[in-house]
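Common to both upcoming complexes is chain A, partnered first by chain B, then by chain C.
And now, the complex of A and B:
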């Protein structure tokens, strides 16, 4: 019955090789990509995990015992959780105020508030450490002005910096939730006589609750993973991410650094599971059919005024931070010696660091976009087992704390066969695989728009797989490729937490240089370098916006540095 | 069909399973050169799968596809001389009309002048002269359809495959494009397979139809054969309305082609050359509404009919539609309406005349 059809024409071995490759190229690519992901993502993470259990005498739990015995260690966990929780709570309130006003508030306020809330996206998170030190530090502008004796190197400082840094994340998610609530529900409640307080309490917040929870969890994860702010402002207070760095640079204790990393991953994993499995699909989509544009109604003063006070205060801090950084790059010391100088801007070390960063970021962007595009294609069009696992792997770099991957890279690539430590490649690869997610997602969403029939049509017209890939798929996916490229470029420019483990003395990146100068109190240099980074990132963002307008794909809706 | 040439395309016992589900259960058929054959059937019948097997996009589980005498079963789409127009048209969004049409030619490494000449011919063929530089999103759905057709025809395939090409167009345009496709097909005489789920589309465009259901060929035949001589109840009900009467062969006079049939509603006679039906067989009499006619009952005249009562009469100008109750059955009759022709009202008793050439089927 089963008759195997035999091709009557003998076309020789070259034809059969080509036919084989043509038929299986997707799977061949998939195999290669699996290998690459395994080496550059799974292996470093596994190395950290192993290192936390594996001492000089083999398998041991001593490091974990040590962690939970010495208060210096376990307090860093407790502090980190406190930092995460307090930032989360504050940002839930502040983000809600911003989102409420920009979605339901007075028309004239909406746009400026939105811009202010999103402004921190244009800068690395640790910009706020520098600005807060400039404003409230021992020699701070405001401290001097009002004769405060306020210490910014404290809990307050760290929390404030974190809140400002992650304001956009919280704002975007909450605004999205509030926008998805049907205004006529709130109107119905008002129609039945509910006051605005009552509506917020019993309609808006309960309906938004699942979305708010998701926003809160994400803020929590991003905050505890953040390295720069607690490292610069933490003073003597131990936090997990900076301590991991100290463990390696100060003590050379890779085992303990691994333990700290694993402890830092745990909450991330818990929240990832919550986010993806428990909360998945939860939420109220209350807009059914066409959303009715409703008559704008005034928010009552009892709500408007407190909300405005909160948003104005926070907004003012955001704007002042940017101003102070800009001014700080051109004067000797803000508020102390306001003479105009160009020293900070033309500083050779700073410019070398910027130059290095651009070089690394361009390379990371280029390779990241290639790997991301290929992954997206293979995941969408391949028919092999484990596509879902591959997608998870590709996205994991984004979810895991940068310090952990940084530690993983120095442990994993310190020895042959993968001896990369000390080279520029370890930094590039690290950034490629950490920021892969956006390129992959951009590619996947682009491929969703392309009918598989287009590829079949090309094959029908005589194209083999490589021709289809280069002449049809790549051109169509080009916008996704560029989006992945620029996004990786931007995040690499700003990234600190991972690369700080990987740079060698004498090869500074901009972010590392900013961190080091901020630590030394060289605020002018730190500010000037930050301004340059912001300038470069802003150009990238502008290009992304143009792409988004042309193609409908918006990557600026994602955050993570 | 007198001069038997070898067919352009032959399908030999094609089977296809997806996992445990067998979607094609042994399809064999052939298409003559220049013929337009339609694969038609309800959704899920396997018609698109069969087309994709012909095009090389889906491998058959077993069976062979023979194109112009050559077994192409194992060739990938790009090595087959069949070209497909996809349901979504699958035009390349980053190329203009000309580049889309030229795509296959550039892969074949045609020279620039040859390509330009060919593309111009194709644009003329599909009436798109002067629109070559347009971008794909700057032309209408019907024009996109034309470009897809031109792109497939540019390479001069031996067989053209059309996968529900009209399903994305609105109703009026569908009729226009249907006629257009048929005209182009006849003009260049290309052997074509057309897939659709729309019976009327299939009837009006095809030389022959291949009706599929549950992965089995129900009937292959010309539109007239499908309509007038359906091979089974499914086909009978597939196009248009059909009345079906249960009956039994009483007697087939020796050597004659007259069947005496008894039904629960009365005895009738039908002339047929069917050899596979004999005395005692349970059969179905299949009659279209327009083949029936109504008469006033007249005992003096022996007519080939059965008695019934008019339930409803719908006057629609050129014809009248009657619903006539015969026993427990409602029979639909379309009566032509010349001026002053007799009309019947609710509750009138009528004689329902069965044409002697009515189609009969063996009951399954």
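And now, the complex of A and C:
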């Protein structure tokens, strides 16, 4: 800045700019972020919406009419809802069993069950299609062992894969609820002679009901939006998410793909609103005297045994899934020729895909963390109109199905002025804005802990905004920044549903490669690539756990790939 | 403070550059949509790089997917070449002016059946579909490999046959029009409807049946012949047969996409594809290559028993066939739905 200092006229100009910037920096940031969110999140979704109403001849409802006249389309909606509901019901039961045993069960069982229930977090949801094929396919281990003739490419397969994939989500939410219930009420009931059945039925479940409902809704949204499992295992049954993809990739029909997307968004929006407004703050606070630690009660066998059967069966399936993926990546042809080979692990194309994925994920993590931290800061410290709208926008990426954002990106960014298709940036930006929510939430929760007075004090002492930003805010928010970075990195590594629309020649991503090979039936390569992804994600999770321990913000409470 | 700001900005710039580096400094490379099987794509790309020094960055797509991409991207294609899609894509795309016309000298002595007169597309030999079976599982059940298509209608194959879906797969289209021409249109559809009762599901890719049957998931499959040889060599208990009625075939067409910034490189690749070496390579993978006299590793020197096909009929009737297929096997067509569909079809045809 020496040059500027020499010239007094320039200095005056510079100082006024600085003064202005200093005073309005939050607003300037806010403006910029609004613009960015509008371009990369609102515009693509709006483009999908418009495309579903806008044919070659202008405004038309023809595409929606087509949706409701052809049974294929409306059946894919009905199937999707059935899939969501059945997964939801099963996971409520299974999640409750897991959570009940880990919060009230025998001490020795709690830790291992918890680990098993959370294990699927380390893997992309679609690995369960691969492992289920390896286990339950016609030539799978289980079918061969017991001589079953079971077809895994069916409803049962899809539902099973979805249940395993979203077990951690359901478990974490239900466990949270059960932990927050004050044990004294249950104990009192027990002391007064109520049986454990009665306690569960008339105390535990009613008190946990709002939390259970929230868990159910989230599981439902995640399940219907998930692309990989129904695409790989669906067989002849149409589902909305994979059909949206096929509409575009197979038939190039953007209008119908947009209609399918809009139909898929509707339940998500309804549930998002329910979740954030209707159910917000709902839940029963149990007001009793100070909770006193009492001796642990043994669960009666009538409850313990069925709960243990359910959790052990599901847990075994989870563990076996990981084992067969690991085994599958080292044997020649799973189930056919079980000789040990390294071919799949050293396959160059798969390693290139991994390398590309890491590159994209690092970039997405980096930019995602920057944007997320800034957004959190602006939302918390800004005093402008529309802060809530901004927060909503930032969090919406999390709630919207990946396929919809994927479709939106190819429609929106295929033409100037935002010609991005075919570049790696479209993939990076897509992931940045889809996974923004966690970075923002981490930042907000961090800023809640810190009084604004520190910033005001330094401003009073003459520090300008940038100084405050670098010397105070950034250090404070650094852990949120890292959490946002790693979370975005991990989810980008595993994300499939939106990037599958955006990959270009010579730039395979690991997740797309896994999908492609799994779908062709080349399980060895699919397994090997998955193992590498799991390994990388596990490292990320380890770092996150350390951060969570140090700062108290648990990012692993969020899921969505 | 300024120093920190500058550091931050320079970190960001460095990051952006590092991420874009590959695309900025990639020297002799072209992007291609490739429609062979995944393994053939990788092998062919490697071979081209060895022989010409041009790196072929590729993405494996089914033919229908390549066509959908080209249609939506036109006129700004995200690739420089298409290495293999079907005749209807090649011919219809040429009509729409999607392809660069380049009369390659390397192809001059190759039969005219394998190239267009104006050099917009070339056929990299032909591939077929085969009847595939799992030897081990068939033996377990005591079934023999069916010898004719009629045998596939036997109820004992119910839920045991896979074939690709016409929505995405070029192989599936070839299978469908082969039956339509073998039995005549009316009888052909009747046959496919009867066959549908035994089909467990339709896969996205024409090569998926090879792996599904090879791994023992299903007993029989109708699928592309591309990966069959490789899978048998890999040790899959895979059997293939040419039913007595014969098999269909189709060219693997390649084109240079108009507007490519790498015209010289793409021409170099196209020249190589016309060479003896390329034909030898394709034959070794089991294709019937454009240059005569090189025996296919799968079929040997003798031409397999082909169904007598009118490919121009297939090219002109692709939309119709796909639509009928969808109405029969994907969605039930009510009277109202038919009206909506017909209107849409009429509009698309008039464009």
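Here are some notes:
Everything below uses one rule, namely that the second predicted complex is superposed on the first by the 542 of 561 C-alpha atoms of A that agree within 3 Å, B and C clash if a C-alpha of one lies under 4 Å from a C-alpha of the other, contacts with A are read in each partner's own complex, and residues count from 1 in each chain.
The rule we apply is simple: a contact is a pair of C-beta atoms (placed from the backbone, for glycine too) under 8 Å apart; a residue touches a chain by one contact, two chains touch by 3 or more.
As the structure is a prediction and not an experimental result, all values here were calculated from the model.
Comparing chain B with chain C, the partner in contact with more residues of chain A is C. In the superposed model, A:428 makes contact with chain C only, not with chain B. When both complexes are overlaid on chain A, the residue A:301 reaches neither chain B nor chain C. Of the two partner chains placed by superposition, only chain C is touched by A:73; chain B is not. Touch criterion met: A:461 reaches chain B, while chain C stays clear of it.
Within the superposed three-chain model, A:12 lies out of touch with both chain B and chain C [touch as defined at top]. When the two complexes are overlaid on their common chain A, residue A:472 makes contact with chain B while staying clear of chain C.
When both complexes are overlaid on chain A, the residue A:453 reaches chain B alone and has no touch with chain C. With the contact threshold set out at the top, residues 1, 467 of chain A are in contact with chain B in one structure and with chain C in the other.
Partner chain A is touched in their complex by these residues of chain C: 1-2, 4-5, 12, 15, 19-20, 22-23, 29, 31-34, 38, 42, 57-62, 64-65, 67-69, 71-73, 76, 78-79, 137, 159, 165, 167-168, 200-205, 207-208, 210-212, 214-218, 234-237, 326, 330-334, 336-337, 340-341, 344, 347. Interface of chain B with chain A (complex): residues 13, 15, 55-57, 61-65, 70-71, 73-78, 82-84, 86-94, 103-104, 107-108, 151-152, 155.
Residues of chain A touching chain C in their complex: 1, 56, 62, 65-66, 69-73, 133, 137-139, 151, 153, 235-236, 246, 248-252, 254, 332-337, 349, 359, 363, 366, 370, 410, 414, 419, 421-425, 428, 466-467, 470-471, 503-508, 516-517, 519-523. By the touch criterion given at the top, residues 1-3, 5-9, 19, 22-23, 450-451, 453-454, 456-464, 467, 472, 475-476 of chain A touch chain B in their complex.
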